[in-house]
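The two complexes that follow have chain A in common; it is paired with chain B in the first and with chain C in the second.
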Partner chain A sequence: MFDQNIEGAELFALPFGDIVPFFSVYTATLAAFVVVFILISAFDRPERQLNIVFGGDAYYAKEIKESDTRFSRFMAIACGCATLGAVVTGDVFNFTLFAVLVGITNIAIVASAGNRHVLNAAFQYGIVAMIATVPLFGSAAIILATTGTLSIWTLAGMGAVPLLAKALLILGVMGEGIAPLYIGKAEIIRAQGAPFVLMIHFSSLLLFLRVTEIVLVI
Partner chain B sequence: MIEYIIAAMFIGLLLHGIHRKVIARIQGRPGPPIWQELLHTLKFLAKESWIPKTASQGVYVAVVGISIAIWTAALMLLITQESLLLLFALYVLHKIVEHGIGLASGSPYSKFGAIRSVVSAASELPLLSSVALIYLITGSLMLRDIETYQAINGPLLFVAFPAAIALYMVILSKIHYGPFSIVEAKEIVSGYWTEHFGVWRGLMNAAFGLKTFVLLYTFVMVFIGPIGLPLTLLGILILMISLSFVCAITPMLSPYDTVTVQTITTGLIAIYIIYLGVFA
Partner chain C sequence: MIIRKLSGILSNFTNLSRVYGVLVIIVILAGMVSIPSLDYHGDRLYPKFIDRDSPLDPYDRGGIPFGTTTVAAEYPENSPYLGYITAYLTPLSFALAGATQHMGTTIVAHPGGIIDEILYATRGLDTVVETTILFVGFAVAAYLFRRRENE
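Entry: the complex of A and B
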């Protein structure tokens, strides 16, 4: 599949029948960044948000207890692991599964915040992410039905995947958090905990980058 | 390798200085000397630095390192003429840098910058359409193949003009004082990097100088082709001055208008790609 001049040289491939997990320069670079961000979310402490007191020039820093961050931290690490899976997998169905997992963990990261606006945003984003699973799995089903395989390695360069399946795959990933459907996440940024909130945005961008590569390759 | 990085940072910071000078002259001001950004960077690097007590310390420091790593890797990609898709990925990851820098300190101003960075994520879409159109025309995303294609068929600037417009928009959205620079607007002090000072600001200045050079170099390499170093540098300079003109005569758009313009640009190019794919 590396004769298509899209993502750089092959670094590693591990065949399991027709399912071949592989590393190209592209996916290896993405995976390296994911590992860095998992480490940051695992070990870094959250910031203390500064709030301005209305009607004066005073401000105060919010306190955040370590016990309050445990769930967010766990979900951020889980989100990082799901992102890593989506980046390194060589199978379209696994990719869709990991993409959905990223959506679920994203909702969980923000759902742990006690702010009403943030919870509303998490709820709305959750609805979009859930609806997006339909085109995601639909695209995998169409690819399997028309080509008989879900292996990216096998499908590469064949031109056998229908345009509709590619469009649905992109639409599904868009629903999991990229432009223009990311707008549901705007309020999420009010949630506290930079290492965890950063993982939400990071995982969505990585999904976007991987789906771009998959759509070009298959 | 290190000499390439330092040279690219130097040229990038000099371009920032030229950018400020051109904007100032158009607006009837004398403006700072063109080496001002270099002096700024050196000054920041020598200043006393610490990490704010309220900051998320790991993110606060790591994003600065990631920013340098991203643009150094991007420069190496250009030099080794590797995949344009990977360059696209690195550009998209820069969004995380903006976002992380803004979130790390806990300051409301930098956080506003971070939120605007998320909202203006649509600025990545024109680059995606640009990459897709280039792939459709050349059949490859390897920079060396794109150069070979141009050596045989002439500059892509004429064949893939909409893609050139899209990349120009992308560079415009990342340039200081531009119509899409909502992430560092003055109404939120300096936006996402308000709370990064001293050596952190110096390193980020250097990384952003590298970023400017890489983006302009990419434009010349992808749309004009192999023309030799002196002409490439001249092309970069002309491109920078043209961007400065746009920045000088265009007010900063609101976040809503920024996203609208970027999305419409992407939509028009997507229609052009579909037209090429179906009818051409």
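Entry: the complex of A and C
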């Protein structure tokens, strides 16, 4: 697997039954970014939204209580941990599970906003994330059925994975991360409490980087 | 003109699920054409003989508990005790298996039902993540419900 251009050298592998998570130069770099963002989410203070009053030069900062952000902070950390799992796992089905976990924690971060407009976007996002589980798990099922294995270690360089499975995998991650469906995110970003909202963008970006690597390798 | 129309649809986030649903349908329909060309390799990993008469059906992998039951795994060297607990049933499950033909359907209905080694040991991380997804789902639902109570 580590002879592929994208991976780089093998740094560490954890023999955990049939699921063998690994750090290559590529995944270790992604994992390092995730750890930094988890720490930012855990210790950062939420930003205060500035509202500008029309017709004048006045502006005011919304007061955000610590208790309001407790849930979104917890979910942002959970989202970071799920992203960490997704970037280091060495198994396709395990990756799809972590992707779903990222999706559901993202919904939670958005749903913790009280704004009705944001909640409407979160609802739409929830439906997309729910539909996305079909192509996501469908791709894992097709990979297991056609190759007899789910391990990225075994699948690497074989070229045995059908195009349909790869397309479904990308489509599934698209739905969980909604990275290309930015119109949903444009609404979501109105939610108060960055950097927790930022975690949504960050996790979907990393999911995409990881799925690109998986699709190129298998 | 077409681009303007497409941008109009995409700019409304209430269309988000519809757009994504259409994308999924297109890929699945295109994929259906390629299905006949796919070969099935069901015998390579985690093979299982389905015995419809077993009370543990469809979870019966055979063998004796704490013996050397043969279980196929991707990396047997990572699971030195592979096959050791496959046939183990807790006393309650053992009693149920003797009393009913449908013990296999209760795998999640009582604690310590059937210990499917593939599920809980060889692919243990999957089971942990699945349960985490479930708990996060509960946490979100509980948070939203309690927030409504507080308002």
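One rule holds for everything that comes next: the second predicted complex is superposed on the first by the 210 of 218 C-alpha atoms of A that agree within 3 Å, B and C clash if a C-alpha of one lies under 4 Å from a C-alpha of the other, contacts with A are read in each partner's own complex, and residues count from 1 in each chain.
By our rule, a residue touches a chain if its C-beta (ideal position, glycine included) is under 8 Å from a C-beta of that chain, and two chains touch if they have at least 3 such contacts.
Keep in mind it's a predicted model, so treat the numbers as computed, not measured.
Chemist: So, does A:Val110 touch the first partner chain B, the second partner chain C, both, or neither?
Modeler: So A:Val110 meets neither chain B nor chain C here.
Chemist: Identify the partner contact of A:Ala76: answer first if only chain B is touched, second if only chain C is, both if each is, neither if none is.
Modeler: In the superposition, A:Ala76 touches no partner, neither chain B nor chain C.
Chemist: Could you look at A:Leu169 and tell me whether it touches chain B, chain C, both or neither (first, second, both, neither)?
Modeler: In the superposition, A:Leu169 touches no partner, neither chain B nor chain C.
Chemist: Just checking: does A:Thr212 make contact with chain B only, chain C only, both, or neither of them? Give me first, second, both or neither.
Modeler: Only chain B; A:Thr212 stays clear of chain C.
Chemist: Using the touch definition from the top, say if A:Ile127 reaches chain B (first), chain C (second), both or neither.
Modeler: second
Chemist: See if chain A has more residues touched by chain B or by chain C, and give me that chain.
Modeler: After superposing on chain A, more of chain A is contacted by C.
Chemist: Considering only the touch criterion stated at the top, classify A:Tyr26 as touching first (chain B), second (chain C), both, or neither.
Modeler: first
Chemist: Return first, second, both or neither, reflecting whether A:Leu84 touches chain B, chain C, both chains, or no partner chain.
Modeler: neither
Chemist: Once the two structures are superposed, pull the chain A residues common to the chain B and chain C interfaces.
Modeler: Looking at chain A, the two contact sets intersect at 178, 183, 186.
Chemist: Touching chain C in the complex: which residues of chain A?
Modeler: 15-20, 71, 75, 78, 82, 85, 89, 91, 93-94, 97-98, 100-101, 104-105, 107-108, 111-112, 114, 120-121, 124-125, 127-128, 131-132, 134-135, 142, 144-151, 154, 162-164, 167-168, 171, 174-175, 178, 181, 183-184, 186-187
Chemist: Can you check the complex and tell me which residues of chain B touch chain A?
Modeler: 53-59, 62, 66, 73, 82-83, 85-86, 88-90, 92-93, 95-96, 99-100, 103-108, 111, 114-115, 118-119, 121-122, 124-125, 128, 131-132, 135, 139-142, 145, 259, 263
Chemist: For chain C, which residues count as touching chain A in their complex?
Modeler: Against chain A, chain C makes touches at 10-14, 16-17, 19-21, 23-24, 27-28, 30-31, 34-35, 37-45, 73-75, 77-79, 121-126, 129-130, 132-133, 136-137, 139-140, 143-144, 147.
Chemist: Where on chain A does chain B make contact in their complex?
Modeler: Touch residues, chain A against chain B: 5-8, 25-26, 29-30, 33, 36-37, 40, 43-52, 61, 178-180, 182-183, 185-186, 189, 193-195, 197-198, 201-202, 205, 208-209, 212-213, 216.
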